[in-house]
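You will see two complexes here that share chain A, one where it goes with chain B and one where it goes with chain C.
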Partner chain A sequence: MSNILTVLIFFPLVAGLFGFMVNQKSIRAYGIAVAAAEFLLSLWLWMSFDTSAAGMQFVEKLPLIPEFGINYYIGVDGISLFIVIMSTLMTLIGIVALSIKENLKNMIITLLFLEVTMVGVFASLDVILFYLFWEFSLVPMLYIIGAWGGPKKLYAAVKFFIYTFAGSLVMLIGILAFAYLYHSQTGTWSFSLTDWYALLLPFDAQTWLFWAFFLGFAIKVPMFPFHTWLPYAHGQAPTVGSVILAAVLLKMGTYGFVRFSLPLFPDASVAYIVPVAIISLIMVVYTAMVAYAQKDIKQVIAYSSISHMGVIVLGTFAMNVEGIAGSVFLMLSHGIVSGALFLLVGVIYDRKHTKMMDQFGGLAYSMPTYATIFGIMTMAAVGLPLTIGFVGEYLSLAGFFKVSPVLTVIAGTSIILGAVYMLTVLKKTFFGPITHEENKHLPDLDGKELWALVPLVAIVVWLGVYPKPVLGPIDNSTKALVQLMHEKAQTDLAKQTISVSKNSAKEAK
Partner chain B sequence: MAPITIDFASLNLMTLAPMLVVLFGALVILTIDLIKSDLDKTLYTTLTILTLFIALGATLSLNINERGLFNTILIDGVSVLGQAIIIIASMLFIPLALTKRKFHEFSYPEFFSLFLFMVFGFQFMAASDNLILIFVGLETASLALYTLIAMHNTKLAHEAAIKYFTMGAMASGFFAMGAAAIYGLTGSVEMDTIAKVFQERLNDAGILIPLIGGALLMVVAIGFKVSLIPFHMWTPDTYEGASAPMAGYMSIVPKISMMVVAMRLFGIYLELDIEIIQDVIIALAVITTTLANMMALVQEDVKRMLAYSSISHAGFVLIAIALDTTKGYSSFFLYYGLFMFTNLGAFTVLWVSRHKYNIHDERFHHPYSKFAGMIHRSPISAIIMAIFMLSLAGVPPFSLFWGKLYILSAIVDSEWYIVAVIMALNSAIAIYYYLKLIVYMFLKPEDISGGKVVYANRALSLEIVIGIAAFVTVTSIFYIDPLLSFITNLVGASGY
Partner chain C sequence: MENLLYIALFAPLVSSLFAALFAQSQKNLLVGIVASLLIGVSFVASATLLLELAQNPKAIHANLMDWIVVGDMDVRFGFTVDQVTAVMMTVVTLVSTVVHIYSNYYMEHDRSYNRFFSYLSAFVFSMMVLVMSDNFLGLFIGWEGVGVCSWLLVGFWYHKKDETRDVNPSISPSWAANEAFIMNRIADLGLLVGIFMIYWNLGTLRYEEVFAHLDQLSHGLMVAIGIALFIGAMGKSAQFPLHTWLADAMEGPTPVSALIHAATMVTAGVYLVIRANPLYSTIPEVGYGIAVLGTFVAIFAASMALVNRDLKRVIAYSTLSQLGYMFAAAGLGAYWVALFHLAAHAFFKALLFLGAGNVMHAMHDELDMFKMGGLKKEMGKTFLYMGLASLALSGIYPLAGFFSKDTILEVAFNEHTYGIWFVLWLTAGMTAFYSFRQVFLVFLGDERYKKYGIHPHEAYNWVFIALAPLAILAVIFGFWKEEFMHFATQMLPVYEMSEHTHHMVWILIIVTTAIAVSGILLAYFKYAKGLKRDPKVENSFAYRLLSNQYYIPILYENAVSKPYADLSNIAWQAIDMKVVDATVDGIAKTIEKGGDVSRQAQDGNLSSYLKWLTAGLILVTLIAVASVAIK
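== the complex of A and B ==
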């Protein structure tokens, strides 16, 4: 089955359209079945993926608008493969854990459409195709936040949409400018990423394009100071919206850095390591402090998301294999952990319709299983060794240590600050005496919640102890990517900073 | 003075075929009305569509780069494309007469023949490169159009028609003065002669001031007709007063025919590298797009919002003309071709929900609140309207995204990077008011105080038009390539 990737992208679309025919009562089973089938398809993709090869696999290329060099061009490598699998997994888990009653059918169909765009973004090798999926992903999310959100849902939904839309329009100009430069150098139009990789640009052009792309990605990540849409979106979104948003949609930004910014503009990326790192540090430290000040559990997790995304960006801009591979792994682990945490917040919100920490306390007595899983996820979020959070965070920071020890030390405080705010949540919510009478009889996790959360716990422990099956292919592809950047780099600074092997950095010195 | 000799071979009636077909159709309708008076509007509608269908065939089978009517008609790729868009837009528009409710204007057969006369005028504008003939075409079409608007026969429609008429008369005045200035400089009203004389006299002392002055008068005339800011004052009121299909029609056909004129005329200046003209047009376009978007943000009526939105779209495509590249001109036609379907679709949805009297709001026919909770009442209409809105906003994969992409690409290719960024960010402003309608339709609860959409006007022909528009909007990705190469070939063949 050579076109498995196309099937993977468009199966949810077809299923979503057919979903209109399914009866309201049976739609939940339909949604779970489709999402599970999609997840199994993505596992099949992994099984048939040649883990020793670094390049793009399952490549398909069909002309779409040949007049203008736009193709239907898709493929995955070690970097995107696992993000695709994570997207299908988190969609499945989001649908399993759905506790929404009203308009369930619309919700499930919207989630399936959203899944199309998520898989499409990560599998696209044509920049316009990427842009199509990237932009269209806003529409289902707008509907999810706007239709099932909290009291300020309309404000949050529209803010989310306009913010990201504005950023990506600047990126679109960047894309078109790149295509124009490609056209003026080669005489043909092309939007294929692999063609673009081969293009050498002068430093000036790289700088402008780098910042144009940066703006698009940075708003999505979201990087300071463009992060203000995220707490609103999370605060108002229904649980499943937050899960998908934190787990997958934010990753589109950081994935964009890895897939576009670094290999297309290696010199500019190296030249602007320091400003980007400083923005990331502000993100890491400032939002961690803001997280500590929150009273709403969901807001704590929302801000902690931003803080962790800062570490991911930092790792990406380390420009070496450890840093980039680590940040890709951190994308996966953050997706799983933050997704799980949002699910967990959703659990108590369903029971008590509040997310305020002071309404809880001593929940460990009444909901022991819940408290255990929350504890494990907290540890993973903090980055405790032997959990999934540790691997990526360690590698990202270790990678950036080669670039700047001082900045890495500051970034390292995020682990301490992370421990502070996450443990505070744990303490206030689960330990101490039960201060509110009604919390004594809160029911523990039910079947569907366990089905959603236990697999995530298993993954957190499995990949924390033995990350090699995932880290191996990521490492391979990252090496190829860094190799490419090294070859393309024109300035001496870039040649030195982009280190291909673990020893070359020392040799260069 | 040498005696003027006229060679009848240069009449070349074939170049006039599409226009003559339309003229003939209009006369047939008048004649039928003379013979028998109690015929139904369905007959006239069908006859109009058939006439336009034949005219479309005649347009597409024209030989490119021929001249006719004693050298005053120029059939190049641009005039074929312009006429094709005008005719297709008219064909999509005229079935909207077949509404369930009876509206005043459609009961007169004269409506249909006037309509065809108007199409005839617009075709002339697109096909001629003679300033006098363009003026005649402009006046024929405009006078018919004013009457068509007024025939809606409501207070607001009369206001709209008179407003449009006064402003239009002023614009015609500017056009005549501009043409006179150009004639004074060159002694000709033929654009190819004008171009030659300009070229020769470019180095004369003091020539630039009258040259640019003439062009600026033309800019004002064109600015009024395609409603660029600051010449846009009439637009929202006229759109509001006119019936929804008429407003949708006005947002496309008069603009495209005037844009083709602008393209031919300013093309001469751009060829000569008179940069100030390019700067003026681009500045006008940027101002138009940005201010119109901001004004659209605060509108309470969907139709007025769409009026401002069409002003901003006109500003957006104007840039493509000012670039003076093949890609720019092609992107202009691509954009308007796609815009036509989406915008007519959106206006038709408004038309479907139109009542004879205002029942939702004292002031407006289509306030936003009327559409609140539409998804619960009629999900398919809501989804289709949302698709039109997303397409107008330029969200992929809907049709206008490709137009936007191609225009932005043309701007970037000419290295107007800042302008490209401003235009792109304008889309981010525009998305707000398009989203506002989507938010009302999908996310707000139904308004119980009687503010619900009732499909008073629903009819099969309207549904078909909406269906065609929606189909074209959604499936754009599959036909953009052939369409683009068709347009690029025609534009390239006419030497732009």
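== the complex of A and C ==
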């Protein structure tokens, strides 16, 4: 099956359209079946993936607008493969855990459409195609927040949409400018990423384009000071919206840095490490503090996401294999862990319709299984070794240490500050005496919730103890990426900073 | 051999997982028995490895599987058993076995009995990973693992509520657990930075390779690495200024205090320094700094123990103080002496703590020694055990502490660091005093507990049989000093005393023993006949300073925790909401208003359209003229 990737992208679309005809009562089973099939399909993709090869696989290329070099051009490498799998997994988990009663059918169909755009973004190798999926992904999320959200849902949804859309428009200008430069250098039009990789740009052009792309990605990540849409979006979104938003949508931004910024503008990326790192440090430290000040559990997790994304960006700009591969791994682990944490917050919200910490306390007594899973995810979130959270955080920080020990030490406070706000949540929510009588009889996790959470716990432990199946392919593709950046680099600074690993230097012909 | 290594390592993990299966069900005696047996198996395997190494001094290596392999980083789950590891493994599993068995008694009525064993065995597993790993990142796994288990166990009675500091200086179990975790994390960042420095400069994290290539590092870099690693050690071993968590950690069940916060986990920092001896040997100035800090902590902690009324806190401060001794020895280059004191201390301190557990049970969890007294009558066997342990702790011949502590003092003398010697000597006297102050306050004098309607009872006989190995070792371990030295120095540097010290040895022993005995006598005269409280002393500045831990916890609260919370609130409410987000909304509103204003242009009125048209024409003409003029 050579067009497995196309099937993977468009199967949820077709299934979603058919979903309109499915009976209201069986829509839940239908949604789970489709998402499970999609997830299995993505696992099959992994099974058929040649883990020893660094380049793009399952490549398909069909001309769309040949005059402008726009193609239907898709493929995955070690970097995108696992983000695709994570997208299908989190969609499945999100649908399994759905507790929404009203308009369930619309919700499931929307989630399937959202899945199309997510897989599409990470599989696109044509920049126009990427941009289309990127923008389309806003619509289902806008609908999810706007239709199923909390009291301020419209404000949150519109803010999310306009803010990220504005950033993307700047990126679009960057894309068009790049294509124009490509045309003026080579005489042909092309929007194929692989063609773009081969283009050498003068430093000035790189600078402007770097920042244009940066703005689009930074708002998505979201990086300080463009982050304030996120707490609103999470605060108002239904659980499943937060899960997908935190697990997958934010990763589009950091994925953009890895896939576009670094290889397209290696010199500019190196030249602007310091400003980017400083923004990342603000994200790490400042949002960790803001997270600590929150009284609403969901807001703690929301701000903690921003803090962790800071570490991811830092790892990406480490310009060495350790840091970049670590940041890609951290994208996956943060997706799993923050997704799980949002699901966990959803659990008590379903029971008590509040997420405020002072409404709880002593839950470890009445909901022991829930407390255990929350505890495991907390430990993964604070980066405990042998959980999935450690590998990426450690590698990202280790990678950036080579660039700047001092900045890494500041970023490293993330392991302290993360423990501060997460343990505070645990203490206020789960420990101490039960202060509210009704909390004594809160039911522990039910079957549906266990089905959603236990697989995530298993992944957290599995990839924490043995990350190799995932880290290996990421490592391969990252080595090739760094090699490419090093070859393309024109300034001395970039040549020195981009550090090719000794192993890959040997392998290169 | 490899099989034995894996049995020693994984038996505790199996034990923990087995107990976890029953975590949410009713107390199951089987859990306690199976867990104790499995830890016992781990002990037997460890001891066999130790004996094997004594016969054939060749380290055993085992490579389980890859862990993090990225770029040039190649970290595996690799384990090694050399002399240092074997000693640590044997000490850890021996104390763990005793503590597991003891917990069957101590936790017998606890509703979370099964859960307790799951955590306790998980701790043993983490500790084994810590000491057996053959690389720094593997050590870090164990390092964080013991931290989490400590967090779980300190906060074991999570249902208790927060109190003010006057009621409970540790506030609550869950508070103390978080404090311990967070303070350790501060130090862990240091350790992590040390690991980064080693990786980027040597390209490997395996001990063997790192220590073989130390000559590639500049002196400054080695100093930096040495300091970074030691910062990590300071957290785990609760050295000043990261010491406050240890006393608060006494909120955990007493077997936990005995195992984790006395015998094993807190010695991990000492282990790290001993393990990295090739590094610290090349940077003696850092070693000296470690020794000075250790010496300071020894007397600093001992001073707080002098006046404390809390049964467990006294022992906790004494642990802190003894850790100071170990660092003093390690810092001065006498690594095997530090390891020797570590082992001896583990035995008698665990014994002391478990004895205190008996007292707590008898006293219905009362910890105030001023409410005890005269317990010898009811609890003769506990008195015997705690008395033995205290004698050992005070360094009285022929008990274990005499040999280990005296050797440290000899080392300090031998190094001509007489200041360190003097402070440690003085601390030895203080140690003897507070140890026996405790013994006498609890077991001798008037029976003050009767006022409170407490009917003490002695622990079961089998408990004392279970504790017997510790008691025996506390007595005889010192006689193995020579054998221990030969064994340990196959791996660690030999430490030679000078001729001069050899001549002085008898004088040193007499002087040290004299101050220890005077400490005991002083305690006897003050407390053995009953408690006579002197309000003048208790209200004095010095007394209050000591009993409030030099006001350091309050200082931390006011200078760190509270400002951090306030700053966090400002960051959120003043900056994030009022500045960052308000700016975004402001821009959006401006655009919206701009839209409102410009909409008026399209009011459908033809004459106003003409007006706009004319205005536009004039503007365009002006721009055209201007641009021509500029050109």
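Please note the rule applied: the second predicted complex is superposed on the first by the 501 of 509 C-alpha atoms of A that agree within 3 Å, B and C clash if a C-alpha of one lies under 4 Å from a C-alpha of the other, contacts with A are read in each partner's own complex, and residues count from 1 in each chain.
By our rule, a contact is a pair of C-beta atoms (placed from the backbone, for glycine too) under 8 Å apart; a residue touches a chain by one contact, two chains touch by 3 or more.
Being a predicted model, the structure only gives us computed values, none of them experimental.
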First (chain B), second (chain C), both or neither touched by A:431: second
Which superposed partner A:152 touches (first chain B, second chain C, both, neither): neither
Partner chain in contact with A:162 - chain B first, chain C second, else both or neither: both
Dominant contact partner of chain A by residue count, chain C or chain B: C
Chain B versus chain C as contact partner of A:143, first or second or both or neither: first
Chain A residues contacted in one complex by chain B, in the other by chain C: 162
Parts of chain A lying in touch with chain B, wherever the complex brings them together: 63-68, 128, 131-132, 135-136, 138-139, 142-143, 146-147, 153-154, 157-158, 161-162, 165-166, 169-170, 172-173, 176-177, 179-180, 183, 208
Residues of chain A defined as touching chain C within the complex: 159, 162-163, 224-225, 227-229, 286, 289-290, 292-294, 320-322, 325-326, 362, 364-365, 368-369, 372, 379, 382, 384-386, 390-391, 394-395, 397-398, 401-402, 405, 408-409, 412-413, 415-416, 419-420, 423-424, 427, 430-434, 465-468, 471-472, 474-475, 478-479, 501-503
Of all residues in chain B, those that touch chain A in their complex: 390, 395-397, 401-402, 405-406, 408-409, 412-413, 417, 420-421, 424-425, 427-428, 431-432, 435, 438-439, 442-444, 477, 480-481, 484-485, 488
Of all residues in chain C, those that touch chain A in their complex: 23-24, 65-73, 137, 140-141, 144-145, 148, 151, 155, 158-162, 172-175, 178, 181-182, 185-186, 188-189, 192-193, 195-197, 199-200, 564-565, 567-569, 571-573, 575-576, 580-581, 583-584, 588
